[in-house]
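Report on the following structure.
Order of writing sets the labels: A, B, C and D. Residues in every chain begin at 1.
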Amino acid sequence: MIRVMVNGAGGKMGREVVKAVHADSELTLVGGIDPTKDGQDIGTVAGIEPLQITMAPSVDDVLGNNKPDVIVDFTNPAVIFENAKKILSAGVHLVIGTTGLTEEQRNELHEIGLKNQANCLVAPNFSLGAVMMMKVAADLAPYFPDVEIIELHHNHKYDAPSGTSILTAKLINDAKQAANVTSSEDLTRESLPGARGAKVDDITIHSVRLPGYVAHQEVLFGGHDETLTIRHDSLSRLSFMPGVVLACKKITSKPGLTYGLEHYL
Amino acid sequence: MIRVMVNGAGGKMGREVVKAVHADSELTLVGGIDPTKDGQDIGTVAGIEPLQITMAPSVDDVLGNNKPDVIVDFTNPAVIFENAKKILSAGVHLVIGTTGLTEEQRNELHEIGLKNQANCLVAPNFSLGAVMMMKVAADLAPYFPDVEIIELHHNHKYDAPSGTSILTAKLINDAKQAANVTSSEDLTRESLPGARGAKVDDITIHSVRLPGYVAHQEVLFGGHDETLTIRHDSLSRLSFMPGVVLACKKITSKPGLTYGLEHYL
Amino acid sequence: MIRVMVNGAGGKMGREVVKAVHADSELTLVGGIDPTKDGQDIGTVAGIEPLQITMAPSVDDVLGNNKPDVIVDFTNPAVIFENAKKILSAGVHLVIGTTGLTEEQRNELHEIGLKNQANCLVAPNFSLGAVMMMKVAADLAPYFPDVEIIELHHNHKYDAPSGTSILTAKLINDAKQAANVTSSEDLTRESLPGARGAKVDDITIHSVRLPGYVAHQEVLFGGHDETLTIRHDSLSRLSFMPGVVLACKKITSKPGLTYGLEHYL
Amino acid sequence: MIRVMVNGAGGKMGREVVKAVHADSELTLVGGIDPTKDGQDIGTVAGIEPLQITMAPSVDDVLGNNKPDVIVDFTNPAVIFENAKKILSAGVHLVIGTTGLTEEQRNELHEIGLKNQANCLVAPNFSLGAVMMMKVAADLAPYFPDVEIIELHHNHKYDAPSGTSILTAKLINDAKQAANVTSSEDLTRESLPGARGAKVDDITIHSVRLPGYVAHQEVLFGGHDETLTIRHDSLSRLSFMPGVVLACKKITSKPGLTYGLEHYL
């Protein structure tokens, strides 16, 4: 059994992680950290039955005796780097869903992890579907170099394009360069500005923002009298949980810091 | 039986019209006009069996004795207005698929038609599917005022957005104004210019240009935890033929000039 | 202000109705009925702030002085008919989302309603999107008589096809009969039984059951080198709330019993 | 330059192959075989300019001096096996798009090919998009074992399900077995027979047959609050040409007989 603790266990994501870890037969939930819920029962906070596990106020309180095997961190960019250094230095594996680490910081964590035999996964997106969509898109690009992306989100999402669509475009561009293929020339003239979308290198991205959507993305490949389309639809943040659980189980197998859940698949 | 003649019978569209009229049991094909095919058999030119009907070189040659009931015109903007005046003045109904008539010219043709009991249909799009898509979109807009349009065409289509998408947006905006409804505010910030598409008043349009597509359009309506989508897919210019045939049959019923096939449905 | 009470206010749907009525500026929530929550605060039960409104145990307790203008009923088939008779006899309008009333029972309620100037709406589906999808499908069928339906639901939905898809097929068949149009003959031979779906008269229905879906339906129309598709995607039961609120506002305008939210649109 | 000859050069597919080979800069068209067009110019028959290449009446006439490097065969099941034996025995590579070879016959051709250093590709589908859709579907199945297939074709296609959908289902089932994963149990009860489609082992297939479609397939994967969909749309038989051209270029690299274009990708 892998002993898991959740940092940020009182937040929206953290509570879902608590439930997912608790429900999994190969993982044991052994604790939660949240300064705003210090002393409360982790199960009660998550909205399930009391689990007789008391919230700790800080990472420092859980790295002594009875350390977990893995800590899952969904806290915030302001604290993630300092906490990550402490956790890895204590020889505890770390799964990070919090955004905001720079490449330089990730490199430093990689070194600390290697020195302490503590592995670290940093993943911008834990949805298996989103990760597989990106992988498949990169696999197809050498055969279908003409690609556009449409991403559709709720109108409360303020930025456009989405981070996932930009990352997808970058992965496709890398795959095309590696295969030495290029798109057809884009000769279209815009009679209204913006019609042809945003560009990430060679790839066009269109962002739809409408009520009723959650998080959706289509990657469209044009071919010779044929088209190929991949679509990912995400209903809720629950779609992240199988990826988090998988990460807890596989983290022992990848020394140092790994960036992206796709390396675990 | 309705006696139909085709102007521009040797062109891409004209040849299809010849075949469609010939195949319909309520219409009789009685002639074709094309200066570049003068004297050739209209069936042979269309790629079917010879029909023992000889191409005439100009409109003037067919408006004497033995005039048709209807002329279908798929010629070009340079000649359409002068020909239309002659045809209507001769008391012959006219179905126009050629683009380029101004509103002023249409008004003049309306008057000529009324005076000579010759009706005229001008339609920017003869596809029943496209026309119905626009009608349905306008019907839905009062209930779902948050709307975006995605149109997808072959990368050889040089302009963006498509004429049909702009017309659809206008019809939706008119329907929203009539119903006195407005969209949710668009608060999205573009981190890459163009991501949020082009705007026609309140409606966003995204234009995809990829090989493998022909002519496709989606109208997306966002609601309260639900979405509604209409999609039209057109395979080829053959999708125009049922609309042309319908127009030939119904043209006697609408005095003067009518703009848009939707008024015949 | 329209004074609204909710029968079944402690159930899943009822709690959402409480919140939706409370949030609407033209409606006033004046009470809730639920025998299992007798005496509790209706706001607390719904998971919002206390509203200082106490749950009543039965319909009989709310039809004396201080009767509401409208009761919304999301209870269950076993009790709906008897309750509906009491409510309408007391001169209170009634919006019914509970299923299970027979046509005979609806006729009887219609008579009782007319006699007591109390109107009644019975709607199998309160989603505006689903209702509009069905309306549009019936509008299109005369022009595109070749139709198939694909409905996609979560694999926990045990029956197939869905009630909405069967109702859609019936409405399409009615529209085709009224327009005197018929489908192309279906000559396909099934090499594996079930491939060509279920039949409701002339219309084919295919039922997808997979985790990750909620409630979705596509109506596909085949034409001449073109297709037209309507798709409805529902995220959750929250998509019913705009329809319920609309019904409360419009119920005074339709004497007797009305079947189907589409008559209010 | 690879010297290519086309067997069945006067047929629908053959004429397209002639044009595709002629247009490719790495291939040289050196002849065509068709008993019904003996002595005619291969370019004229294909509907392009005359190429000064005369059609031969049979395979025997082209295997002497001046043999091609590769023969592409789109003839018919009645003659393919005997011709294939002759061609491979003469040391000429062979790309077969004709269906109907049994596994036993393919094994025999494999041996003949190895003995004569002549390679053979047999492909049921030369569309890159269809082949990649199948590959991707098999790649995803271990992560998303709940899968259904919807295939949509013109109503003139008489059988259902399509061969491609059955093959896709088999590849998915193989991938699931290899990964030792199984679907969620299907508990749905059909109130109308056929609603839940046809079954190939664990995979459900739904076949839509409507005018306006050509050849389309969706593979739907259900996950944890998310879904992933791959869609392939084919406009015409032209979508086969890039696969045929690729096969001509790569056939030297795969000794013996290869079954399926995916092994060349």
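Methods note: a contact is a pair of C-beta atoms (placed from the backbone, for glycine too) under 8 Å apart; a residue touches a chain by one contact, two chains touch by 3 or more.
It should be emphasised that the depicted structure is a prediction, and the values quoted were computed from it without experimental measurement.
Student: Measuring centre to centre with C-alpha atoms, which chain is farthest from chain A?
Tutor: B
Student: Check A-D against A-C and say which one is joined by more contacting C-beta pairs.
Tutor: Counting C-beta pairs in contact for A-D and A-C gives the edge to A-D.
Student: Just the number, please: Cα centre separation of chain C and chain D in whole Å.
Tutor: Roughly 48 Å, centre to centre.
Student: I'd like to verify one number: the distance from the centre of chain A to the centre of chain C, where each centre is the average of its C-alpha atoms, in whole angstrom.
Tutor: Roughly 38 Å separates the two chain centres.
Student: If I count partner chains per residue in chain A, which residues reach a count of at least 2?
Tutor: Within chain A, the residues that touch at least two other chains are 212, 221, 223-227, 233, 235.
Student: Work through the pairs of chains, note which ones touch, and then classify the graph as line, ring, star, complete or other.
Tutor: Basically all the chains touch each other, so complete.
Student: Note which residues of chain C are touching chain B in the complex, please.
Tutor: Spelled out, the residues of chain C in touch with chain B are 127-130, 132-133, 136, 139-140, 143-144, 221, 223-236, 238-239, 241-242, 265.
Student: List the residues on chain C that touch chain A in their complex, please.
Tutor: 212, 214, 233, 235
Student: For chain D, which residues count as touching chain C in their complex?
Tutor: Chain D residues touching chain C: 146-148, 150, 152, 155, 157-161, 166, 184, 186-200, 204-213, 220-227.
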